[in-house]
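One chain, chain A, appears in both complexes that follow, with chain B as partner in the first and chain C in the second.
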Partner chain A sequence: MTARRMKRSFLFPVGLLILWQLCSVLGILPRSVIPSPVHIIAALYELLAEGLPRGSTLNMHCLYSLLRVACGFMLAASVGVPLGILCGWSRTVRDMLTPIIETLRPIPPLAWIPLAILWFGIGLTSATFIIFLGCFFPILLNTISGVVSVEPILINAARTLGASDRQIFLHVLLPGATPAIYTGLRIGLGIGWMTLVAAEFTGVKSGYGLGYMIMTARDIQRPDLVLAGMAVIGLTGFLLDCIVRLFEARALRWRS
Partner chain B sequence: MNPLAHFIHHLAPILLILMTVVSCSQKTEGSKIRLGYLQNDLHHLPAFVAIEKGFFSAEGISVQVAGVFKAGPELMSAFGSGSLDLGYVGQAPATAAALNNVADIRFIAQVNLEGSSIVIDKESNAASIADLAGMSVAIPGHATMQDFLLRRAVARNGIGIERLTIIVLKPPEMLQALSQKQIQAFIAWEPYPAQAELNGTGKILMQSKQIWPRHPCCVLITSEKLCREQTDTIAKIRAAHDRACTFINNNPEEAIQIGVSYTGMPRDTVAAALSRIIFTAEIDTRSAEEFVAFLKELRYIQSHAPEKKLAEILYK
Partner chain C sequence: MSLEIKNLSKTFEEQDAVQPIPALQNITLSVNQGQFLSVIGPSGCGKTTLLRIIAGLEKASAGTVLINGALPERPWEHVGFVFQEYALFPWRTVIDNIAFGLEMKHMSKKERYTKAREYCKQFGIDGFEYCYPREISGGMRQRVAIARTLINDPTIVLMDEPFGALDSQTRSQLQTFLLQIWQRSQKTVLFITHSIDEAIFLSQHIIGLTRRPGSIGLSLPVDLAYPRDITSDEFNRYRREIIRFLNAQQNDEEYSSKASKIVTWYEYKRALC
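The block that comes next holds the complex of A and B.
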């Protein structure tokens, strides 16, 4: 990223925050409805120092949520990517699975909560299941799309040159689908974070989790703490996305 | 046209429409009072009775159900956004919202006292609160009346709350978790304890009246604006609500039927639940102060002088 682009990416959000703060100071945005950035920073400090519920501090909430998202995401990636490649590779498998995928895909993860508790009980497994549902479909569909969109001319050229099915799969299809797979992984990870609050609705045995913390802030009617929790989720999601982008850039070095 | 002007040119009409829609939705339709209550909550039976028996209209006020909510905090957020004028809600979320300045409201009447219970697994050998030590106990939320009741019960029995594994679950999920042995006990408002008892999942270890006799539970609230501008309407709402409470106490069978029709629960469940709830319109200031002290102790409220703020929100 050039210095100019970095400046732009930094200055615009900072400008927005200053405008937000100004609107709050001038009373255009009431604190009770939209707390100001300064109040949210104070709330973050409160979450770090005192915790919510009291004694359960922000760093522990982050750790537990990261664990849940990591479990759900890894499971979704380890099922979604191979299944997506299979569906993309074989029209028969794709025809068989498409009706099931397209029926399950629109169901919001929140709707699965009662069943998640019934099937997996309270705790990590049910939360993982809910996050898995959020991550799985974007990963699967992007992988399918990546495999399907590999130019047939490339496959035919490889075949003409005497490449076996295995070689075509490993050296043409997989590299060709990798950008789309990474896009799916990034979208899946983002949606995984989006389903975190729903996942931690399934009951949190440990007493930790960012979604759980936000729900507690909601119970005690503290919008500043709710927004602070949301900011932490957003920033953590952003950081994780940056990490996936780094992996993506490394894996796709051949493109440049 | 430059790109920014082009963008604004296209965005302006959309924003204008959105702002019109939002501003229209905020206004009270005519002189209708917009009411909100919680779904399947038998504590709000006076609301159902007042609507069904026409007590509001008999007082000359037009009440429109503007929202049926799953939980008190959402109802209070609706108050904060100005979408409701009147609400049946738990004293806990109402107090937290008022003291944290989320909603400018007034408590105009009590709705009910008591009506919560600690339920244990039907096969459990626990005979007292002290036996809950080491168990997983579900509460509906932190800073709720049930959280307060459990803490009080536990403290009185000489065990610290840290000896229990506290899990936050919404009451419908508590029944399922108890039947699957995911938790060993829960505390919730009616009709969930009655449901657990009658479907054979659990048994009642202690009713809330044994922990805090005549403790407050739900309140009837209005916006501060309505209280300030329409004192006669407030008097009429209170009269209708008072009449509904009296009706429930004098006509238990008919009240049960109304409870059944609003919650869809079996008659026996509703009857058992109602037998543990006291319906009254009288606010007990001391109890309200006691609950505020609890919230203050847990540092859940931002108000520097919560007692003073409480005195402000209790409508005389």
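The block that comes next holds the complex of A and C.
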């Protein structure tokens, strides 16, 4: 991004925040409806310094949430990508799995919570499972479409150059599908992060997690703490996306 | 004999096609070791299908293809294929594209890079080893594609309109270049083209395929010394002969499409009654 575009992406949101603050100060947005940015920043400080519940600070909540999402996302990627390549490669496998995938996909991950608790109890395994479900389908479907869209001429070229099936898989299908795989990973991570916070609403064992923190703020009727929690969730999600995009840009140097 | 095709036929039986589509009919053809043979014909006559069958990328409906007198189990291991659309791997640099075949044979990186660099020099692409395909010109890409094929040392080189997408200047440069490479390597080349001049300029023998289903309608040895002068009278004689053949195909085609319209109209009326 050029410096000018960076500036634009920075100045406009900051301008909106200032406008928001102004409206709060002038009483257009009453504090009972929505706290002002300054209040939210103060709440953020409170979360960092004192914690909510007292002693459970924001960084610990973040850490636990990130750990849960990392487990679920890694599992989804390590199952979704190979399975997606297999589905894209073999029409038979694709025909067999498509109805199952398309039936499971519309079920919201949160609908699995009762079963997850029944099977795994409340804890990391349960959360991993729910997040896995959120990440898995975008990763799988994008990988499939990535493999299917690899030009057949490249596969033929590889074959006439002496590549075996296994080598075509590794050296043609995988790199050819990489752009789509990255798209899947980014969407998957985003949905996984959303799923995580919602999953934490329903209960955590450790007493840590951003979703859990927000629910506690709701219980003590502190909208500023709720909004501060939401801001942290949003910004962390944005940061995660940036990290994946960084890897993407490095892996796809040949494209841009 | 480097390549022997006997009574080869191909009919496409697509699931979504109303009726089977005959593509090639009874092709019999021998190509000597080191010969340069071109195939010319109206579009849709099955030229590409012929190459694909030789390379084993497509199965023949009938007939056999012998390479070096034997029926190969994996024909693609004996042939090199150069595609019109280059078919370079966009995620590999020039040198990694050229060394692809060697890498598949598990040659060490040092060894294959040494060999690939030699080819880069030979093919006039040195200095671009670490570029990605999108960063080099069309003519350069096709050089890379040819180098990538020849580094594998195939028995037969199949070229499917390799210069079709290039501008005329680059095209004639590459034609001269290809002749040099061929004369040096003494490979058997089967070359598909739409261009009459290209076929005469390059090949020792020209095969003309009829309109679909393609069968051999013209077999023309070109007895001209290399390098050939495309403005000479002899060159023009060959040109005339091929144009006559292709025009005959064209007229047939017009006739047959009219005939098929009549049939459709007749069927349409019958359906109404």
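Quick note on the criterion: the second predicted complex is superposed on the first by the 250 of 256 C-alpha atoms of A that agree within 3 Å, B and C clash if a C-alpha of one lies under 4 Å from a C-alpha of the other, contacts with A are read in each partner's own complex, and residues count from 1 in each chain.
Basically, contacts are C-beta pairs under 8 Å (C-beta built on N, C-alpha and C of every residue); 3 or more make two chains touch, one makes a residue touch a chain.
Because the structure is predicted, anything quoted here is derived from the model rather than measured.
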item	value
Which superposed partner A:L118 touches (first chain B, second chain C, both, neither)	first
Touching partner for A:N156 - first (chain B), second (chain C), both, neither	second
Touching partner for A:R54 - first (chain B), second (chain C), both, neither	first
Partner touching more residues of chain A, whether chain B or chain C	B
Shared contact residues on chain A - chain B and chain C	none
Complex contacts: residues of chain B adjacent to chain A	73, 76-77, 80-81, 93, 96-97, 100-103, 136, 138, 141-144, 165-170, 172-173, 176-177, 180, 182-183, 295, 298-302
Parts of chain A lying in touch with chain C, wherever the complex brings them together	151, 153-154, 156-164, 167, 171-172, 175-176, 178, 253-255
For the chain C and chain A complex, residues of the former touching the latter	55, 57, 76-77, 79-81, 83, 85, 87, 89-92, 100-101, 103-105, 132, 134, 148-149, 152
Chain A residues within the chain B interface of the complex	31-33, 50, 53-54, 113-114, 117-118, 121-122, 201-205, 207, 212, 215-216, 218-223
